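Notes for the one structure printed next.
All chains are identified by letter, namely A, B, C, D, E and F, in their written order; residue positions are counted from 1 within each chain.
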Amino acid sequence: MRVKTPSESRTVMTDLVLPSETNPLNNLFGGELLARMDRAASIAARRHSRRITVTASVNHVAFNRAVPLGSVVTVEAAVSRAFTTSMEIFIDVWIEDRFTGERTKANEAIYTFVAVDDTGKPTEVPPLEPETDLEKERYAAALRRKQLSLVLAGKLKPADATELKALFLKD
Amino acid sequence: MRVKTPSESRTVMTDLVLPSETNPLNNLFGGELLARMDRAASIAARRHSRRITVTASVNHVAFNRAVPLGSVVTVEAAVSRAFTTSMEIFIDVWIEDRFTGERTKANEAIYTFVAVDDTGKPTEVPPLEPETDLEKERYAAALRRKQLSLVLAGKLKPADATELKALFLKD
Amino acid sequence: MRVKTPSESRTVMTDLVLPSETNPLNNLFGGELLARMDRAASIAARRHSRRITVTASVNHVAFNRAVPLGSVVTVEAAVSRAFTTSMEIFIDVWIEDRFTGERTKANEAIYTFVAVDDTGKPTEVPPLEPETDLEKERYAAALRRKQLSLVLAGKLKPADATELKALFLKD
Amino acid sequence: MRVKTPSESRTVMTDLVLPSETNPLNNLFGGELLARMDRAASIAARRHSRRITVTASVNHVAFNRAVPLGSVVTVEAAVSRAFTTSMEIFIDVWIEDRFTGERTKANEAIYTFVAVDDTGKPTEVPPLEPETDLEKERYAAALRRKQLSLVLAGKLKPADATELKALFLKD
Amino acid sequence: MRVKTPSESRTVMTDLVLPSETNPLNNLFGGELLARMDRAASIAARRHSRRITVTASVNHVAFNRAVPLGSVVTVEAAVSRAFTTSMEIFIDVWIEDRFTGERTKANEAIYTFVAVDDTGKPTEVPPLEPETDLEKERYAAALRRKQLSLVLAGKLKPADATELKALFLKD
Amino acid sequence: MRVKTPSESRTVMTDLVLPSETNPLNNLFGGELLARMDRAASIAARRHSRRITVTASVNHVAFNRAVPLGSVVTVEAAVSRAFTTSMEIFIDVWIEDRFTGERTKANEAIYTFVAVDDTGKPTEVPPLEPETDLEKERYAAALRRKQLSLVLAGKLKPADATELKALFLKD
C-alpha cells in the first residue's frame, strides 16, 4: 500500500453554531462539538484508508473555551499516525470573532478510527509519513497515547508501557 | 451545602437509534453517542449542583460494541465525585436485544462538568458521598483520573501525581 | 407465554427541552411532547412483547402545565394492561425546577400499541399482571377505556359497553 | 368580535415522509404524525384567533392506516367550534399513492387549543359559524366531545353531561 | 398520456418558522426557504408525472422580504409547463402577519424537475394545459426561461435563442 | 476600507450525506444542497464584510450530478465580486468517490448576499481584488450577471444592459 501524508487526509469543516445546538448560556453544547469532530475525523480516516471507518475511541478532550451562538467554527482533522488497521486522527477546532475576524484555537481532540470491510471486520490501512514539524511531533506522541490507551483498557501492563513509564520517572 | 449521594443525580435516558443517526454499516455514529452522553451527563451535573453546568472535559472513551439501527439504548449517568466547582460524571451505556431483551453493556464514559453562575463564572457544588461498593470504587478512581487529566494538560508534573505514579511503579 | 409485570416494561426517558422544540412563549410544543411520549411508549410496548410495535391509538391527552425551555423532562412509560395483540401504555411526565430540583407532574397520557410481525400482521403478546396498587387501578380502568374507544370508533354499541354505561347511570 | 367561518382558518400542510421519521417497518412514527398535526392545528387556531395559541388537549386519535416512507402526506386542519377562550380543531390526514395518485384518508384527529396573551393568560376568541354540512355536523358533535372531556377530567359529573348521557341511554 | 392542468399538481405547504431555522436577525435562513420550496416543488412534479422526480435546476431567486421567526409561511407550487421529460414548477411564497392576518407575497421561485425511472433514467411526462390567465402567462414565459437556461449552460447559441433575443432588441 | 482578496473569504465545508437528507433514489435532495451552499456562502460573505449578512438572491443553479448517500461533499465558497453593499459569492461543490478517492465537480452556484447592520439596514463592504486567473474571470462575469439580474427584476431596461446586450448580438 502506498504511503500517504497527513495532508492527503486533511478535512476542513466550517459551519455556523445554530440556536438548536446551544446550552442555557447560549454556547455550543460540548456534545454537539464532539459529534461534529467525529464526522470530520471519520472523513479524514476514510480519505486515508478508502474504507468504511468506525470510531474506536476518543482520547481525553478538554473544553477550554466556550463557543458562542452565531460563531463560525472550523473543525480541521487529519490522520496523525496509522497503525495496522487503526488510525489516530488529530483534530483542531478554531472559532472566529464575528467582527474582527480574529481566529482563536478553541479545542484539540484526538479520535481513533478503525477501517473495516462490509462485514465490519478490521482491514489494513496504508502507512502514514508525517511531513511538517508539527505532524512529526504528533506522529511521535501517538505511540505514547496508544500505550496509555492500552493501559487504561487493561490490555497492557503499566510496567511494559516503556514510553509512558519514562514520562513518569523523569525528574 | 448538604452532602449528596450519586443516586440523587442518577439520570436515565432511554431512546431508540433512528436512521438519521447511523453510519454506512447501519450502526449509531460514535459522535451521536457522545452527544447523547453529554446531554445525560449535563442533567446529572445539574441535579447534583442545581446550577447551570458546562462540559469541561471528556475522559478517554472506547467504543467496544456497535449499536445497530433500531436498538433501544439506555444511557445512565450519575455524579461519581464532586470537587470544588467541578463534578466527575460516570456514564454507563446499555443496549437491549430486540427479541430476547437481553441487556448488554455497550460503553462506559467519564465526563467532567463545571457549575457556573449566569455570567459563566465557576461556582461551588455540594460534596458527594458514595453509598454502594461500585460508587465507592468509582469515587476513589476519580482522584487518579483527575491527576492524569492535570498531567496531560501540563498543569501537574508527572512526578507529583503520586497516585498515578504508583500505578506505573507497581511490579 | 410468560406473564409479565409493568416494571419489566417500565421505560424512563429523561432529556432537556431544546430551543428548536419551543413555541413563541418559550414552552415545549404540545406536538413535541406527544412525539417523545410515543417513542417512550413504543419502547415499553417492545419490552413487554419483544416484537415490532406500532401506535394504534392515543387516548385523550390534556396539557395542564407548560414545560419551559431548558427544563429537564422525564417521560416514564409502562404497560398498564395487555389484551390479545394490543397493549395499553400509561405514561407519566414530570418536570424538574432548575434551581430547587422540585419535581412536579406535568402530564399523563395513554397510548395503545399493537405488536406485529415482519409483515405488519398483529401477533399475540404476553399477559400482564399488575403488582402495586396504582398498577392495579390502572389495569382495571384500562377495560373501561377500551370500551370507550370501541364506542367512539363505532365498533361497540353504547348500550353494550356495560362498564362504561354504569358510569353514566350512577347517582 | 367578528364571527368567522371554518374556511378562514383552514390550513393545508403537504409534505413528504422522510427516512428519519420512520419506524422499523418503514412507516411514519405515530408520534411524528401527532407532532405534524399539532403544528397544523396551531396555525389554524392562530388564524381563527390572531393570538398566540397553545395546545390544551388532544382527543382520542386512532391510527388506522400505516403511512409508508416516501408518501406524500396532507394534513388539513380547521377550527370546528369556538368556545370562550378555546377552539376545537378538526384535522384530516390524507396520503397519496405514489403511482396512481389515489388519495385515501389515513387519519382524523381533534385537538383543542387555547388563545393566550403574552403572559400566557387565556383570552377571548371570535365565535365560529359553520357553513357546509360536514362543518355543521362537526360543530354539533364538538359540544358532546367537550362534555366527555370534562367528565374524563373530573370537572363535570357524568349525570350532568346531558348530551353525552343521552348517547348511552339510547336503545 | 392524458393532458393535465396546473391545479392537478398544485401543492400547498403551510408551516411555522422555528428557532433552529433562523439567522442572527431572527429571520428564516435563505437556504431553509430554498429547501422547503424544493420539497413542495418535488411533490408538485410528482403529482404531475406520477414518477420519481429529481431537481434539475433552480432559476434565479430573489429574497425580497425577510421572514421573521414565528411567521406562518405558505409555499404554493404548481407545474407551469411540461417539456418532454422535464417540468418547470412555479412557486409562490406567502407570509401572514401574526396579528392582523394580512397575507403578503414574500417570494417567487422557479425550479425545474426531471421525471426518472427506478434507475434514474429520464422518462416522459404528460403535457400541461394552463387554464387561468396567470397560468397561461407563466406557461408562455417558461419557454423564454428555458432558452435562457440553455444559453447560460452553453447548450444554445445566444443568437439562436429567438424569443430571448427579441427581448434584448426591443426599443 | 481595506481591499480584500477572494482567498480571505474562502470557506470550505466538508461533510457527509446522511440518510435523512436523501430522496427515493438515495441521492441528496437538491434543496438540502441549496441550504448547505447558503450556509457556506453566508460565512464567506461574513468573512469579507465582518457584518451580519443575508441572502439577497440565488443565481441559476443546475444540478448536473446526483450526490449519493454516504458521499463526502465539499462545498467551497468565496466572494467573487463586491459591490457597494452586496457581494457575489461563487460556490463550487465537489464529491469524492468512496473507494478511489477521485474528486469530481458536482455543482456550481452563485449567491448574492447583502451586509446589514443590527437593524437590517444595508451597510458598505470592502472592495474585492481578484488574484488568480479564475478569480479574475469570475470577477468580470459578475457584472454581466448583475445586469441580467436587474433586467429579470425589471429594474434595468434590456437595451441599457450594455454588457449583456453585446452577448446576444455577437455572431
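Definition applied: a residue touches a chain if its C-beta (ideal position, glycine included) is under 8 Å from a C-beta of that chain, and two chains touch if they have at least 3 such contacts.
Everything quoted here is computed from the prediction, not taken from an experiment.
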Any chance you could name the chains that touch chain B and chain C both?
A, D
Taking CA centroids for every chain, report which one is farthest away from chain E.
B
Can you name the chain that lies farthest from chain D, using the mean of each chain's Cα atoms as its centre?
A
As a quick test, compute the distance in whole Å between the mean CA positions of chain D and chain E.
31
What's the distance between the Cα centroids of chain C and chain D, rounded to whole Å?
20
Roughly how far is chain C from chain E, going centre to centre by Cα mean, in whole Å?
43
Centroid from C-alpha atoms only, then distance chain B to chain E, rounded to Å. What do you get?
50
Within chain F, the set of residues that touch 2 or more other chains is 19-20, 24, 39, 42
Pairwise touch list, complete, is A-B, A-C, A-E, A-F, B-C, B-D, B-F, C-D, C-E, D-E, D-F, E-F
Residue numbers on chain B that touch chain C, as the complex places them:
11-16, 39-40, 42-43, 46-47, 50, 72, 96, 98-101
Can you tell me which positions in chain C touch chain E when the two form their complex?
19-20, 22, 24
Within the complex, which stretch of chain B touches chain A?
23-25, 27, 29-32, 34-39, 42, 52, 54-63, 66, 111, 116, 118, 120, 148-149, 152-153, 157-159, 161, 164-165, 167-171
Listed in rising order, chain C residues that touch chain A in their complex are 18-20, 70
